[in-house]
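Each in structure tokens, the structures are laid out below.
Two complexes, one shared chain (chain A), two partners (chain B, chain C).
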Partner chain A sequence: MTTLDSAETDGTPLPRRASHSSIRGRLTATILVFGTLALATCVLAPILGTTPISLRRAFDPSIPFEQNVDAQIFFVARLPRVLAGALVGSALAAAGVVFQAMLRNPLATPFTLGVSAGASLGAMLVIVLGGALTFGPLSTVPAASLAGAAAATAVVYWLATRHGHAISTSVLLLAGVTLNSFLSAIIMFVQYLADFAQVYRAARWIMGDLDIGGYDTLIASLPLVLVAFVLFALLPSSLNLLSVGKDAAAARGVDVSQAQRLAFFSASLATAAAVSLAGPIGFVGIVVPHLVRLMVGVDHRIVLPASALFGAAFLVACDLVARTILAPVEIPVGIVTAMIGGPFFLWLLVHKS
Partner chain B sequence: MASRAQKLTALVAILLALLLPGAPSAQNRTDGPAPRRIVSLVPSITEMLFAIGAGPQVVAVSSYDEFPPEVKALPKVGALLDPDTERILTLRPDLIAVYGSQSELEKQLERAHLRTFSYRHGGIATTLDTIRDIGVASGHRREADDLVSSLQGRLDAVRERVKVRPRPRVLLVFERQPGTLRELYASGGVGFLHEMLEMAGGTNVFADVARESVQPSLETLLARAPDVILEVRASGLIEKARSDEPDVWSTLSSIPAVKNRRVHLLKGDYLVVPGPRLAMATEAFAHALHPEAFK
Partner chain C sequence: MFLNGDRVSYTYNRRTGVEAVKALREVSVRVDRGSFTGLIGPNGCGKTTLLKLLAGVLSPDAGSVSLDGRALATMSKRHVARRIAVVPQETHPAFEYTVLEMALMGRHPHLGAFQLEGPADLAIAREALTATGTSHLAERSYMSLSGGEKQRVVIASALTQSAEVLLLDEPTASLDLGYQLEIGLLLQRLNRERSATLVMATHDLNLAASLCDTLVMMRNGRVIASGNTTEVLTSAMVRQLYDVEADVRVHELAGHLTVVPLARLS
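Up next is the complex of A and B:
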């Protein structure tokens, strides 16, 4: 699990099994607080922006949409962005929690096991090989990155289960990290063969971007994220035990290999969906879980939903900064998540300990 | 592969022009014996050399060079990031045109006592000055001066022609992801693209941004509400994906350019190379912005 946690959990056996009613109370309170925060951010963000818009005009059905600038700014430029930010932020943050618990490593991120490198390679190939591969009105970049993520996940899983039935977390981690470097090398090779403009666009893709300008890609990735979240809902208790250790978990009656598989595939699915939608936006998947743990403790029954909600609020807020602070020029949102998330995390770390 | 190669040249030229800091060249005006073996690592300089009659002196060009067609037969000796110093030296050149950021290469060549001509992309004035400078450096001062005055004449003619016309507010897009409006780059208020646009009788909607390229959000595009959108394409990707193009902009239907069907796609690498063909590019911009002025 996390450094913070493992420091605590190594000494004390387990996050204490709270009684059913007390955990339910804490869960309700957490969801209420973090849910309100996420909701408030998502309601506020589309209202704010560089262009002053009139909400009354934006929602006035008597003005044809084609001529309604306010409505287009609200519904085309801002709302899809905010929704994408919420979806991606919550998927990455939750996936971060799951990977950190499952790998028992505080430095684990949704991108540790090569999912994002696979996605990036897929996107890169389409950007460089280009137009011949585009079909219809949809760009193939998201589809290709999704395929890349799936391929990378499959390879890592195959390697980690090569010897025996259960996933070996150490092999998983090593294979993932190695695959990451290997794929990064291929990405560099592809970029080296590409021309300047393609390299520039590829680099921009890697920085992450939520300005999706429509609902098609959002709707395409929504089912994936939903499936991942349904699976996440099954995980928290076994994550609590897994994060202490396989043997401890097995001793308490957890089907370790099944729990690991579930954790691995659900988190990979969430990550793949997020990355294919918005590129690999860094920092959300590592900082949000830690921040949330500092605030609510280590019980995954609380941490997981809280991280999902806080991740949404965090990324939407970061994107608001990204699109307004240097307007009309935009900062890649991945830079903002790092610049805000890093210092904030360090500050919390120092103040809490 | 011709279209891919062409695309390469053009895109490299745009990116060189837009991503690298520009500054007028200094200390290039040295009158000496005319060089007989010139190596050009900059496509726009190659174009200038051929346009002023120094083509026969050019012995090698960069790997991105595609224009004029004569360069296809010449050896390629690397480019901006990967100049092949060894091959350059074995060609025994007596003048090497390098880009301003290739200071390491320049130092190396100076150590070998070779003359260099250093250049950085800038606006139209820089391009015209560079033509004069390379004319002096290559021993074609008169031809260069003639070329500059003819280009100036053509530019003045364009300006004269559109002078009385109302100036539309224009968004000049030079790069984006095919089939979507993501990763879109537009011309800011600095550089030759911006200057050509203004000369062609348009007002750049990003004239206030003191950068050569802008990556605007969709919100900014909607808010800036251009009357005309010029998409400049150096052939290649977008051209192939043309069938889905109208849909791309239709999501932003409140933009006057989209509403009034004034999204123009201009193709060709001449549009994005700051060289002797910039008058042609300016004319193409003017034709798109003010078709009635050219009837």
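Up next is the complex of A and C:
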């Protein structure tokens, strides 16, 4: 993060050194390092697991797929799971960065504004009431959670923009937090009405799980995440200024209400896609951005891509732990991220203050 | 005239009508190129609102603001920010930006959506830090600085914007006497050496008297007087503005008008 050494403190300008550690150089270095990390994790994770597999056998085309246990484990059991982990981790970490900057609150998470509670209620309703509908490539639960997330996003947005066309971030925060507890109460009520099997399924969903059992849901979520990421690419320098202050941003030529809307909807979209794919996996959206800031500084032009890449690596690694630590039992990855993320976050809070 | 507010009005919470506050009523101001204008008046008289309208941060409900004869409303926000920079009252970033990063944010209106700042932008930011005496703080976290250092960094960030007009909202509030003097000298230098056009809202009448060539007096969302500092800054005017009896005279050593408040009239 520190780009100049103490030689600078006497006030002598060092233009050559400064250009050497320019934003361009830092951005390239960051993407290289975090990109390599994410790639390495995604390549290693499907190879590792409780059952040792032979890569040579898995990729041997002479063995029919039905008889090739190694290929089945690699391509059916592990690879979709690893890819889902990368997609979800990336989406949640990036959404966390965007929400934190837009709300000017480093403690905000992708779930602060009620997107995940809406998604959870949608999923609960389908699990308990047993909807038999399918929407295109989406199976029922992801489709319903996506609809729930969209409804929650719409309600929060409507509340925060009622007094004029600009988003009020304080109303947004209060409305989001209130909606979260309100929806949680409804979720509990729905669960209260359900039978044991349904409650068990619902509880498992809420723990967050990357065992998505195939490529279909992954492929259905991918376009949503991609759209969100294209929108994210427009945001970083506005996010820097928004996090300094609304007036400061406006005085530097940022269209504040447009930037806020873009940030809110793109981050909500990424969160909704991630939650509908794998349930509300906690802590990724707050631990990853903070960890990344400790490593690369706070400039969003670097923090945002770094968090997206590091989030992928983090969640894939957590899922590897979830698959293997209590083998042959697999624990939901949401438990692992919370168990690693919770204490780490407390340490961070104590350490930084 | 250069920066011109033509009968601008502004009401907060106008849309909802709940607790609507008429902050400005048909205010007209003319800021000449290269001038140093002071906005003075009691708390809540509309100084900050007027600055925000002049900066294009807020749009007037009625009337218009123009720069060089062109209405701000017809210019893009980036374009306005390239010509008018603002030093706000207080700046509290949510993250620990370094001083250099804070200064570089001033380049935002000059960069395209995907453009990163280059060596030229960096040189401008470093020059601004040097001009405000903060270059030794470049790698420090902005939030760890003292009030005076923060204020100078915020001014540096506005200078990095390379704008012809600088609008300042109480730049010396909460600064000690030494920093007040230092900021004052810095602003005077900017005005004289770089021929920047400055507009400063302040409660410090002595600061305004020492720096500003023109004063705009405001009360209850209206301009009640404006003109040459030596002509409009009188004890009668201070009485009219603040309901305060004051002695206003030229200080022999300082060489400018000074205001000593004597009693509150009510």
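A few notes on this one:
Operating definition for what follows: the second predicted complex is superposed on the first by the 312 of 353 C-alpha atoms of A that agree within 3 Å, B and C clash if a C-alpha of one lies under 4 Å from a C-alpha of the other, contacts with A are read in each partner's own complex, and residues count from 1 in each chain.
Keep this in mind: a residue touches a chain if its C-beta (ideal position, glycine included) is under 8 Å from a C-beta of that chain, and two chains touch if they have at least 3 such contacts.
What you see is a predicted model; the values in this text were computed from it and never measured.
Of the two partner chains, chain C is the only one that A:Arg252 touches; chain B does not reach it.
Across the complex, chain C meets chain A through its residues 13, 15-16, 52, 55, 57, 76-82, 85-86, 88, 91-98, 101-102, 105-106, 108-109, 111, 113-114, 116-119, 122-123, 126, 130, 135-136, 138-139, 161.
If you check the complex, the residues on chain A that touch chain C are 1-4, 8-11, 13, 15, 18-19, 22-24, 27, 100-101, 104-106, 163-164, 233-234, 237, 240-241, 243-245, 247-248, 250-255, 293, 297-299, 301.
Residues 49-51, 65-69, 71-73, 76-78, 127, 130-132, 134, 136-139, 141, 195-198, 200-201, 204-205, 209, 211-214, 323, 327-330 of chain A are the ones touching chain B in the complex. Against chain A, the residues of chain B that register as touching in their complex are 7-8, 11-12, 14-16, 19, 175, 177-183, 185, 206, 208-209, 211, 214-225, 236-241, 244, 247-248, 251-254, 259.
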